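Each of the next two complexes has subunit A plus one other chain: subunit B in the first, subunit C in the second.
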Partner chain A sequence: MGGFLSWLRVQWDRTAAVAAGVIGLLVLVLGWVGVSGTPHIAEQLPYFISGGLIGLFFLGMAVALWLSADLRDEWRELRALRTMLAGTDTDKAGSIGSAR
Partner chain B sequence: MSVSLLSDWARREPRAAVLGDDAPWRAGELVRVGVVAAVGLIGVAVAWYGASAQADWPDTLPWASLGASAVTVAMLGLVAWLMAALRQVRSLRREVMPWLETAVSTPSISSTVQTAPGADFVTAGGMTRFHQPGCPLATGKLVRPLTIEEARASALDSCGVCVP
Partner chain C sequence: MVVAVLAVSGIAVVSQPVPADTLGTFDARAAASGVNVTVENPSIPLGLVLQGAGPIARAALDSLGTSQALAAGPYPGDLAASLPGTVRTTSGLPLPDYPLLAATSLGDAPKELVAPGMSLRAESRERRSTSRATIGSDSTGSTSTASTERDDAGAVRAAATARADVLRVLDRLTLSGVVAEATTTVDETGNRTSTSSLRIDAIDAAGLVITVPEKTPSGGLPDLPPIVSGQPAPPKPPPSDPTPLPAGGTKLTGPVLRFADGRFTVVTGTGDQPKETPVPAETVATAFKALGVEMKYQAAQPSETGVIAPLLSFRTTLPAVPDNPTAFQGATTVTLDVGRVATSVAGQAMPAAAPGVAEPVSTLPLPSETASPPVAMADALPAAGALGDAPSQDLPSGFGIADGGAGAGSAFADQTSASVPPEAASPGAIEAAARAPRSGSALRRPLGRTVDAGDVYVLFVVVAAVAVAAGALLRKVGVRF
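== the complex of A and B ==
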């Protein structure tokens, strides 16, 4: 359990992405239920706004968080690689350091 | 410092904390994205509140437009954040790759590369990617050989550094 919580804490962005995706789908379904429950357009549009648009927002957030997590992992690996290469050659270390 | 020791260090390094991390995951960036997302959500809430108070559907259309605009603003904020992250990663990649190519061709490093004779690619326990036998990211690790067929059939991704 402690390991799982630790994993959730480390992978906060992927956890949030999954949560946002689930919320988005749930809101979309609720919006669809609301829209299908009334024949009047004036009553359907609030469901479209609350269900459709908010669901879309959460799904977009899920995608953004997941892509951000992938980018951040790549950033971390590249940064570790840069540190590793800087340690193998002092000349390179100076050049790399001055490049930042 | 030997490459194997550095590889072990890189493997042990914990995933960096959210706040205080390098750009674009610094606290300021995250707060900015959070504010834009909150503005979008508030806009949708206002649109929903306005639309639900109207009895005729033509009167609800402006509110629906407001909601769509609010979501668009929030999405653009998220996209801008992702684009900033992508630019940072590309910048770092451009910085590292020339040094990596030089380092791979340096005899002092090449001599420490642990190759697997006869293998098309290699991977190791805990890795999510497969590498060329001489890839620095596989150096010093207890690798196992992979054929092309095994690599294609596996769920492993290809390494972005040695590009097998």
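== the complex of A and C ==
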């Protein structure tokens, strides 16, 4: 449990992306149900706004958060590489200095 | 997630909304104007025509959430009523709104204005919009009502009534028991029914002398040729053998006339059994002409979306005032119109099979081949506020819920076109004409063109799917490497 919570904390953007995606889909479906329930445009408009537009917003946010999480992964890997390279350089410099 | 969104969009495309026939879109309007008076005088600058009407009641309701009602007492016309608000906005002068007006839109609380000799009420709700204006009292005054509503079953109804107990004009003409009504109903399957009528229980003019002819005119009764605004004269009825008229040859001095559905009768006798004798309208018109009053009758005009009730008009020219220091010179022409009532409901039923698949206008009726060229509804409808000539060939346009300085909202004037079948010009044929099916496969004019709401929502779902798919693609080719 503790591991899962720490994973959620580390992967907060992917967690938020999944949550936003689920909410977006749910809202979209509920909006569709509302629109289907009445033939009158005046009564459909609230479902358009609260269902359609908000659903689109959440889905867009889910996509953005997931891409952000992917970018963060890349940045982590780049940082790890840079750190590793920096460590390798230090080791090399140390070994060269001691050899002299 | 992409799969899920695509699945939702698939469900949305497959399962169309609206399970049964119903009015998907509608636009209902009703307007009643008790009496309309027009005054013309050559000394009025720019040839302007002074107009006045009252009481006025209008109501509008549509499927886009518009719900408006307006009730006005003596009404100077849309332009004059909105003038204070326009001047206040443009100049900053603290002018008050036109006071004898109650106007509401959806969301407003019902407005009621009661003043000595006048009562106005307007109420706009989501499914019902009503207005009622009374000048005088309920029992002895003039009352106009207008209502538009959609019931639970989905039918839409527009109704307007103008009643006047007693109208006295220049001490020469008295009209009693005037009732003009118009109703248009479109049920949930799109079937439209329109009815209208004009009834005047008693027309009394000082000095009127009527000589009842011996026989009916060759065209029979009623013989008053209907005048339809903007339309060529309808064909004359086939000649028929004149038949003897009861009380033919009788000369009646100061008779009481009754008018209903295009027929004049002379009421004689008192007590419980008054006797009504039909009189050719031409005879009545001739008698009025001898008094210096020109009488015209406009038959009801069924239109594509509703009906305009019959209208009776009296026009007289007052002698020129004696020389006076004011600029008011010359003879004055006064026109009195009675029965300016109109209703319309533009509606489109959504078929159960595949809403939004067929061209929306294809379900609307096509004007019949014999119908006259269409005229704009705004031209044909009686002007409730801005009034002009007598109901002759050039009825003035108008019929707008103008801003009126009270935020009354949009205008009625942008109505759909209307065509008037000449065969339906006689009052008896009004309802039949309104019910009559019209042939044709497609309507070539964009009448009531609308977008199916379900299709728009499907577009939302597709956009969501595309957004998610684009995000996934971007992730594959742009982020991950």
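We take it that the second predicted complex is superposed on the first by the 89 of 100 C-alpha atoms of A that agree within 3 Å, B and C clash if a C-alpha of one lies under 4 Å from a C-alpha of the other, contacts with A are read in each partner's own complex, and residues count from 1 in each chain.
The rule we apply is simple: a residue touches a chain if its C-beta (ideal position, glycine included) is under 8 Å from a C-beta of that chain, and two chains touch if they have at least 3 such contacts.
Bear in mind that the values here come from a model prediction, so they are computed numbers and not experimental data.
Once the two complexes are laid over each other on the shared chain, residue contacts for A:81 go to subunit B alone; subunit C is not touched. Legend: residue contacts after superposition of the two complexes on their common chain; A:71 is shown touching both subunit B and subunit C. Of the two partner chains, subunit C is the only one touched by A:36; subunit B is not.
When the shared chain is aligned, subunit B comes close enough to touch A:10, but subunit C does not. Residue contacts after overlaying the shared chain place A:48 against subunit B and subunit C alike.
Of the two partner chains placed by the overlay, only subunit B lies in contact with A:61; subunit C stays clear of it. Annotation for subunit A, partner touching more residues between subunit B and subunit C: B.
Shared contact residues of subunit A with subunit B and subunit C: 40-42, 45, 48, 53, 56, 60, 64, 67, 71, 74. Within the complex, the subunit A residues that touch subunit B are 10-12, 40-42, 45-46, 48-50, 53-54, 56-57, 60-61, 64, 67-68, 71-85, 87-89, 92, 96, 99-100.
Within the complex formed with subunit C, the residues of subunit A that make contact are 21, 24-25, 28-29, 31-32, 35-37, 39-42, 44-45, 47-48, 51-53, 55-56, 59-60, 62-64, 66-67, 70-71, 74. Residues of subunit B touching subunit A in their complex: 1, 3, 6-7, 9-10, 13-16, 18, 21-22, 25, 37, 40-41, 44, 47-48, 51-52, 54-57, 59-61, 63-64, 67-68, 70-71, 74-75, 78-79, 81-82, 85-86, 88-89, 92-93, 95-96, 99-100, 102-103, 106, 108-109, 136-137, 160-161. Of all residues in subunit C, only 1, 4-5, 8, 11-12, 15, 17-18, 22-25, 62-65, 126, 150, 154, 350, 355, 450, 453-454, 456-457, 460-461, 463-464, 467-468, 470-472, 474-475, 479-481 touch subunit A in the complex they form.
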